[in-house]
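What follows are several structures.
Okay, so subunit A shows up in both of these, paired with subunit B first and subunit C after.
On to the complex of A and B.
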C-alpha cells in the first residue's frame, strides 16, 4: 500500500494516511466538521451524534465522515444544502434535550455546542422542537466534580476515557431509547461506585455535564482546554 | 471417510424414511395444526378431544393423532387434516368438540367423510375440490410453505421421505463453488427485508478468507403481527437447517447459529429436536454424509428487543453486549460474530436454498419476476376476509393479493389503505393497488417489503392514528444510540399525538414531514431510517385527513377520541329500551322527561359501550366529529 492517499476536501488537495477517517483528516487540515461522538483512536466510531455529515462524490446520500475511510481520489464537500439541513436538525434535536441555561453552566464559553452553533450559524435557541422536559438528580457525590445529566448529550466521550484511558469501567450507557443515560453499575452515585475519581471523564466532557466543583473559597476553576 | 458416497448414504436414509412413512400411512392419520396460531385458537384442546373420542370408539390402534404446523388458513383455525386410507386427505376447519365427535363417529368409525364440514382436499381426487381449486389457488404458489402443515415437523423421516436433504447429498458430490454459482444464478434476494442478493453476501464472506466462518440464521422476527418465520421453523424446521448446511458448505463454515426469539418456545423446541435428529442421521456434526465436511448448529435464544433483529445488533447481542446497531463497514461478511466473517440470512432466505439446489436456479428464476425471482410470503391481517399466511409469486399485485387471495374486505366496507412491510412499512392507497409486490416496486411506492406483514385497512381506520400507532412502536423500540432516531422519533410522536387532538396548523405538517425525512436520511441503522415510512406515506397519500384533524377539529374515520362525541339521535331512540343506560360505566346516560335517552357529555368517557349496546333495529347512538352537538351547531349558525 502506498504511503499516503490524496483526497480533495472543499477544493483543497490533502495528503492523508491510508486507513484514516475523513473526519480527522479534515480537522487536521483546519477544515471544520461538527462532531461530538467521534474518537480518533477508535477503529469503529459510535457514529451516534450524526453531526459530521459530508457529501462524497459518487455516493448518493450524505455520509458521516467519522465512519468513512479516506480513499485515493476521494472528492468531498463539507457543506451542501442537504448536509446543512441534516446537521441543523440533528443539532436542534440534541438541543431540545439539553439544559440550555448557558449562563448557569460551568462550560459557558467553553462548550462544543456553542462552537458548533457559531461555526454553522445555528441558533442555540430555536422553536422547531419543544424542549423535552425531564428531571435529573444532580450527582455531586465525588469530592472534586459533579455530574448534571440535564446537560449530557450522550456523546460517550466520558465512557471512553473511563474505559480506555483510566481503565476503570465505572460508567456506561444504560436504558434504551429516549431514556438512554450515562450512569454507573446499578445507578449508584459516582462516589459509591468503583469510580476512582481520576476526573479524566471531566476532561473529556465537551459540554458542562461533568464539571469540576468550584473550590471554596474562590480559587479559579480548573481550566479546560 | 465412509466408503459410500453421500448419495449412496442418502439413498439409505431415504429408503428408511419412506418405509417408516408408509408404515404410518397404512393407518388413518389425524393431523392437528398446532403451530402457535392453531394453539391460540384452541388446537391443543381439539387434539385432546380427538384422542378422547378415538379412545371412546376404541380406535386408538388404527388412528394416529399427530401435530403439524400451520397451513396458512389461519382464519379457519382450529383445523385438522384427516388422511384415511381409501379417501383423499381432507382438511376440516373451525373445529369444536361437537364436530370432532361427529368426525370420529361418522368418518373414523364409519366411512362418511362428512363433506359438508370439509374445507378442501389436499390432493387431487374425483370427489372433493382441493385448496388449489379455491379462487385464490390461481394466485398462490407455495415453495417454502409447501410442506408446512402437511408433514410431521417433529419427525425427520417425514422430511426425508419427501426428498428432504437430497439437495445436500447432491451438493456434497460437487465442489462448494457449485452451490455458490447456483445461488448467485438464481438471484435469490434476502427475505429479511432489504432484499440483498444472498449469493453476493456469501461470496463476500468467502473473499474475506477467514479461518473461522460463521453462518447465522436470523429468526428474531420482532414485527408485531408477523409470524411467517415462526411458522416455517415450527412446521418445517429441516428445510431451514438444510439451507444453512448448504450455505456452510458453500462458504466453508463449521459452526452456525439460529438466533430465535425466546418468545417462540415451540419453534425452539421443534428446531432443537430437528438438530438432534439430523445429527443422529449424520446430516449434521462431524463428517456429514461420510464426507470430510463438518458443520454443527446451535440455537441462540434472543432476548426480545426489536432492534436485535438488525444484523449488527444481533451479533452484539450474541456476544453478550448490548443489542445495539453499529455503523458499517466493516460488514458482517468481513467482521461479524467474534470478529470473524459471518453470513447472516433470514429464515426464509435459507429455506429457498434447498429448493434452488434441488430444482436448479433456472426453475427458481422462472417464478416471479427477473429482478425479483421466487415468491413472497405474507401474513395477511386486518380488514380482510381470509387472514393467514400466503405465498404468492413476486410481481403479484396488491389488488390480487387482497381481493383474490384475501377475498376482499369483510362487512361490505370500503378499502382505504394497505400497510405493508411491518411497523416501518408504508401505507398505500387505492391508487397504488396495482403496484406489483417486489422489493423495488414497493420501495418506489414508499413502502417496503420488510418482514412481509400486510395489514388491510378500511374506512373505519384513521390514517393519523395508524401512523401514530406504528411510530409509537418504533419510537419505543429505538435503541437510543443515535440522535435522529432517539430524539427525532420522539418529537414526531409528540407532533402526531397533538394532531390526533386537533393541535397544529399547516406549518405543523411541514415540520413533521421535514423531520421525518431527516430521520430517514440521518439515522444510523435501518430502524431509524425506515421508522418514518408510515408517517411519510400517510402524509403523501392522506394529507387531507391530517388537515381535517388540525383545521376542522374533525377525525373523518371517527377514531380520534378527542375529536368526537357520542350522541343519541332523538328520532331513532325507541324510548322504551334501556340497554344503553345499563351499558354505560359512568352512568352518563339518563332518561329525559320526554322519555328519550341522552348522554351527559361531562360524564361520558367515550368507551363506545352504548354504541355497541344500542339494538340494531334502532342504531340511535352515533359518533359526531368534530365534537359539536346539533343544538350547539344550530346556535352557532344563528
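On to the complex of A and C.
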C-alpha cells in the first residue's frame, strides 16, 4: 500500500493518509464542510447530523463525507445545488428544535451553529419548519457547569468525551425520535449520577448546551449578575 | 416506583439466574433484558443496574436501550392494563383525546403505572379493528368508539370491580354501565 492517496477537493489536489475520512482531509486543508456529529477518532461515524454532504465523481448522489474513506483519484466537490439543499434542510430541522435565544446563550459568538449559518448563508431563523418549543429543566447540579437541553443538537460529542476520554459512562442517549435526549441513568441530575464532573463534555459541546457556570465553583450563592 | 415487599430479592434472583446462562457480552444485552422482563413483567432500575454490571456496560446505555424500544417497560404492568390505540384510524378520530382522558382519570401519564399498581396505561398502534375507532383494549377486552364519556364508564366499571374484590361481597347485580 502506498503511503498516501491523492484526492481532488474543489479543484485542489490533496495528499491524504489512506483510511482517513474525507471530512477530516478537507478540514485539514482549510476546505470547509459543515459537521456536528463527526468524531475524528471514531471508527464509524453516527452520521446523524446530515450536514457534511459532498458530491463525489462517479457516485450518483451526495454522500456524507464523515463516512467516506478517501480513495486515490477521488474527485470531490463540496458545494452543489443538491448538496446545499440537503444541508439546508438538515440544518433547518436541527434549528427547529433548538433554543434560539442566542443573546442569553453562553456560546453566543462561539457556536458552531452560527458558524454553519454564516458559512453556508442559511438563516438561523426560518419559517419552513414549525419550531418545537419545549420546556426542559435546567440541570445546574454540578459545581462548575450546567446542562440546558433546550440547546442540545444531539451531536453526541459529549457522550464520546464521557466514554472515550473520561471513561466514565455517566451520560447517554435515551428515548427515540423526536423525544431523544442526552441524559443520565434514571434521568438523575448530573451531580447525583456517577458523573465525576471532569467537564470534558463541556469542552466537547459545540453549542451552549453544556456550559461553564460563570461564578467560582465554591462560592455557591455568590449573587453576581 | 416503590418496590413491593420482597420484590428486591425477587429482582436480584431473576437477574442472577438470567446472567448465569448469558455470554456476558454486550451483544447479549437485548436478550438479557427480554428474559428478565419476562420474569418480572418490567425492568425496574435495580434490574437495569445489575444487568449493566453483569455485562459490563454503562447503566446509561441500558437505560437508553430500554427507553428506545417499545417492547421494554419501565413500570410494572397494572392489575388492569389499558392500551389505547393510536394507529392511523384511531388517531384520526381522536385517539389522543381518549388517551388524555385516561391519563387524567388514572392520574398517570402514558407508559406509567398508578402507585397502587392497579392501573397501567399504554399506547399501541393498530389493534386490527379500525372500524371501531377509537379503540381501547382493557385487560384483553376490545372496546370500540371510546369517547371521553366512555372512558369514564370504563373507569367506573374497573373501580367497581376493585371495590367488589376488596369487600369480597357479591351483591347480585349487573355492571350498571348504561348511560
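A few points about this structure:
The rule we apply is simple: the second predicted complex is superposed on the first by the 215 of 225 C-alpha atoms of A that agree within 3 Å, B and C clash if a C-alpha of one lies under 4 Å from a C-alpha of the other, contacts with A are read in each partner's own complex, and residues count from 1 in each chain.
The definition used in the following text is that a contact is a pair of C-beta atoms (placed from the backbone, for glycine too) under 8 Å apart; a residue touches a chain by one contact, two chains touch by 3 or more.
Computed from a predicted structure; not experimentally measured.
After overlaying the two complexes on the shared chain, residue contacts for A:163 are found with subunit C alone; subunit B is out of touch.
Contacts of A:32 after superposition on the shared chain: neither subunit B nor subunit C is touched. After overlaying the two complexes on the shared chain, residue contacts for A:175 are found with subunit B and with subunit C alike. Once chain A of one complex is fitted onto chain A of the other, the partner contacts of A:186 are limited to subunit C, with no touch recorded for subunit B.
In the superposed model, A:48 lies in contact with subunit B only, and not with subunit C. Within subunit A, the residues touched by subunit B in the first complex and by subunit C in the second are 173, 175-176.
Contact residues on subunit A toward subunit C in their complex (touch as defined above): 163, 168-176, 183-186, 194.
Considering their complex, residues 305, 322, 326-327, 329-330, 475-484, 486-488, 490-491, 494, 511, 514-515, 518, 521-524 of subunit B touch subunit A. The residues of subunit A lying in touch with subunit B in their complex are 44-51, 53, 61-62, 64, 67, 82, 85-86, 89-90, 93-94, 96-97, 128-130, 132, 154, 173, 175-180.
Of all the residues in subunit C, the ones that touch subunit A in their complex are 45, 48-49, 57-64, 67-68.
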